[in-house]
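Presented below are the structures under discussion, each in the form of structure tokens.
What follows is a pair of complexes built around chain A, which joins chain B in one and chain C in the other.
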Partner chain A sequence: MNRRWPRALAPELARGLRIARVLLVTQYAYMLEYRAEIALWALSGVLPFIMLGVWSAALTGGGGAAGLGLGLSQAELARYFLGAFIARQFTVVWVVWAFEEDSVAGRLSPYLLQPLQPLWRYVAAHLAEQATRLPFVVVIAALFFLQQPAAFALPSPARLLLALPAIWMAFAIHFLLQSLIAILCFWSERAQALERLLFIPYLFLSGLVAPLAAFPPGVRQVAFLTPFPYMIGFPAQLLAGLEVPIASSFAAMAGWIALLLPLTALAWRAGVRRYTAMGG
Partner chain B sequence: MVARGLGKTYRVADKQPGLGGTLRHFLRRRHRDVPAVTDVSFTIQPGEIVGFLGPNGAGKTTTLKMLTGLIHPTAGSATVAGYTPHRRQRGFLTAITLVMGQKQQLIWDLPPLDSLRVNAAVYGLDDSEAKRRIDELAEMLELGEELTRPVRKLSLGQRMKAELMAALLHRPAVLFLDEPSLGLDVNAQARVRQFLVDYNRRTGATVLLTSHYMADITALCPRVLLIHGGRLFYDGRLARLSERLAPWRQVRLELAQPLPAETFHPYGELESLDGAAVRLLIPRQQLTEAVARLLNELPVLDLEVSDPPIEELIGRLFRKGVVA
Partner chain C sequence: MASDWRRYARTLRRFWGTALAGQLEYQLNLLIELLAMVGNLAGSLFVLSLFYGNSSGGAGTGLGGWSWPEAMVVLGVYTLLDGVSSTLLRPNLSRIVTHVQEGTLDFVLLKPIDSQFWLSARTVSPAGLPEIAVGLALMLGAGLKAGTRLDATTLALVAVLLLSSTLILYALWFLLATTSIWFVKTWNATEVLRAALAAGRYPITAYPAGLRTLFTLVLPVAFLTTVPAEAVLGRVSGPWALASLGVAAGFLLLSRAFWRFALRFYTSASS
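Then we have the complex of A and B:
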């Protein structure tokens, strides 16, 4: 093996790490300016709790969770939806709106003239926004347990260690999927309309409105051919301490990232070519 | 910097008005090729400051975008700092900068210093080097505590100076400036101008600049390129061009009562007449005499002499066919 390449790579790596650090710190400072808005966004993500209420009502009339084929106790169901809430909070992606706003406002041209792939700025902005959300999420989770003391359980350290990379990978998949749509801005300025198309299957197949066990087997089979169940359901199940195929789920997520990453890079290159042909 | 036969043709949809036109357009899309820039060639030596003039829509911005790599030319080629711009290689991107009057790269809600730190990291400057350059630029631009105030709280002039800092932190060898003083008051314009002269002297950077203000061009650019209808009409010394342009001065009058257009013919060329407000162009050598006669012979309430806007001068030049 060539022993020289790590040395050639070292300054590049150092540069990348420095850019990452400065971008994250700057974006965190920026997001703190909007902390009130971000707190409201965190609060507006309570859909899983509403769904928990709906499911609980259905279960008391339907002979319990097992009766609906979920195989979950009431406490497990509550923990699942709390896990779904947390997973959703740290995988929210808004790159398509930010990108569209920047291209309409003409900020894209200066970004394209800097030696940094512009999408990294949005990655940093998302991560910084997640850090800003963290305290609000902790408070909401604490209030949830106060309200549902029977469901109280903290994930084991092992589960927590697995849930963290699962959430990051879920974020990566969501970010790449939405970036692909954002890149369509190069062709049509109103690419966010397409995002709506993505949102419907995401809403139902991700496990946000119901654990996937609640769906008929046929739907479930189709769902697992898509990346959606890994974006909320899988990390939520890990956090809730439920039984879940860990290795195969991680493998599937890695597979989706391996597919979406080069696809996004290719689309970006084609988009920029189109942009420079049409007049910047 | 070399441009050889540079050209850009846009394809635009050609649609007739009305429902019929819309349906026809939907079923069979028709396109028209519109040339924005045609066969533009010039060479700019390192360290030169060149003014790029032309009326709106003449092709100035399209040419700047081709030279910065934001637009792929449809004809000809360009070489800037030894690179082909549209490939946008890292070496090229670190060698150039583009300042566009109103496009901001500063983060709106944070102080300029935060944006400068991001740029320093992106261009690979270490902390001490970045601090040295920030101090140097801040001194040249007379910026101090403004750098720690949120950008949204800065005046337009302060913001423009901070934009310049962000655009020049990596010490580019080639500067493309599109209307750098647009919207600034006279003092701020003069400071930006002085800064550009100092920057060019200190770093030996090449500068290509467009501006609507004749004062920018006369103060900065010994050489100008004149573009009209996408074609280069003049490439040479400003002094020779201003012999054709500058003989004219603009005189604005406010009269006690409106007068017919013929009244003004003996004094100069009537540019506009709006009730009691009159705009005349008067040859420079006849200015003193004409102004004295105007004041004597007409009921003048107010009189103001100025350089006509550069667009108007160039427009006249093209109308009269002096350049063509």
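Then we have the complex of A and C:
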């Protein structure tokens, strides 16, 4: 009994790895075709840089650091917003648009017949798109440091090793949240509009427009009850080398994933039962 | 000439009447738009308040020397412009690339009406109307708190400068959309523009010198929100007001000339 189990699992694992490799390679080849668009998408994430302008001018001018309650130097502020830019680039999720398009165009039906949960296909597409983004993000970061040489500092290897899983977990949370909305497409064709509502707390509470340290304590406490601050703010702080509670943040992220994963799986199963192909 | 104007006005009424009738079918969408508007406004006000010591008392000169109610006027202008773009600009201009891609631009060009007019004014969406109303209310309320005097000159100046900033926004967007005649894939260049225009949420003096120059000379964000807001506060200077009109006229003529130029290279979808 004990000896049969690994042997039964090994082919399963090999099959999974083979599928993952094929999906990633084909999606990457596909995304490379669209590199011009992806470069423009990368550029359209300039919001953290605009906010850096406002925050750094407010820091030097008006109230000063104490008045803003930031506790960050100019260089740290610059690195924080660069970190927020990078974290955003690798956690952008567009599954709700892709899924809606596929289900309206009827492409979902063949996917459902394959012996593979269709959401994996979208995961692979997102990872491939992130790989395509990577060179553009490196160029933008290099230009940023050329423009702000005083802020230049690379994260320590240890921080980088922590930031990578933090970004992936942030991506996983964002992907699961948006997938839940995408799955609502099984019930209503207008589910996409709900994504607009999800984006609002994400925009203001994630740390994309302001470091959470600047929030009044009450609002900050509420924000940390949501998954949003972990989706940008935490990885950005790791990348910027700022002080941040590492263990508890990772625990919170793991908790959110543990909550959202079964929820998404359940919603998917209920949704597929309702699915009656387009025109059916 | 006069009959020409009448013809365009009549066509416009038909376009918008049918568009509104169609859109009002989707009431749930309107509800979601309304919720999104409230959420966005609350978030923007919250972020703005962070620069004023969380007290929103109006004591500090948080952003580039602008007091709390003055900065709210800028946000009001931004909200208004955002509403105008969801009502008029986005529904029309985001379709240009689809027309190029699918070859339906041919049909537009064959119509006995100016193609730029048709592409820019074909439809209208009520989604941005609440935003327009809230933007106006915010401008009025915050303006009164900051000591605006409601006289005829101020109102006329504000109206003219708001029109001018709407025209600048339209012309910029149309210019970018026109490039899709050559590069079909540039449609998300307009996303880059929209992202950069988010800078208009704050007065131009809230930015460091380098960005201030960029947002005045290269991407005229200053004329979009700061200049009309200064008009509301009754302190816009003559040169800035004239510059705003000049920039609007310049970009408008440029968009017109560029569209005519681009059409010479249009070879329909299948060729």
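Assorted remarks:
The definition used in the following text is that the second predicted complex is superposed on the first by the 270 of 280 C-alpha atoms of A that agree within 3 Å, B and C clash if a C-alpha of one lies under 4 Å from a C-alpha of the other, contacts with A are read in each partner's own complex, and residues count from 1 in each chain.
Methods note: contacts are C-beta pairs under 8 Å (C-beta built on N, C-alpha and C of every residue); 3 or more make two chains touch, one makes a residue touch a chain.
Just so it is clear, the model here is predicted, and its values are computed rather than measured.
The superposition on chain A brings chain B alongside chain C with room for both.
Shared-chain residue A:L43: touches chain C; no touch with chain B.
Of the two partners chain B and chain C, it is C that touches the larger number of chain A residues.
Contacts of A:R196 after superposition: chain C is touched, whereas chain B is not reached.
In the superposed model, A:E101 makes contact with neither chain B nor chain C. Contacts of A:F204 after superposition: chain C is touched, whereas chain B is not reached.
Once the two complexes are overlaid on the shared chain, A:A29 sits against chain B while remaining clear of chain C. By the document's definition of touching, of the two partners only chain C reaches A:P216; chain B does not. Taken over all C-alpha pairs, chain B and chain C come no nearer than 10 Å in the superposed arrangement. Looking at chain A, you'll find residues 34 touch chain B in one structure and chain C in the other.
Remark: chain A residues 15, 18-19, 21-23, 26, 29-30, 33-34, 106-107, 109-116, 273, 275-280 touch chain B in the complex. Chain A makes touch with chain C in their complex at residues 34, 36-37, 40-41, 43-47, 50, 53-54, 56-58, 61-63, 67-69, 190, 193-194, 196-197, 200-201, 203-204, 209-210, 214-216, 219. Against chain A, in their complex, chain B makes its touches with residues 8, 10, 36, 62, 65, 68-72, 86, 88, 90, 93-94, 96-98, 100, 103-105, 107, 109-110, 114-115, 117-124. Against chain A, in their complex, chain C makes its touches with residues 26, 28-29, 32-33, 35-36, 39-40, 43, 46-47, 50-51, 53-54, 60-64, 185-186, 188-189, 191-192, 194-196, 198-199, 202, 206-208, 211.
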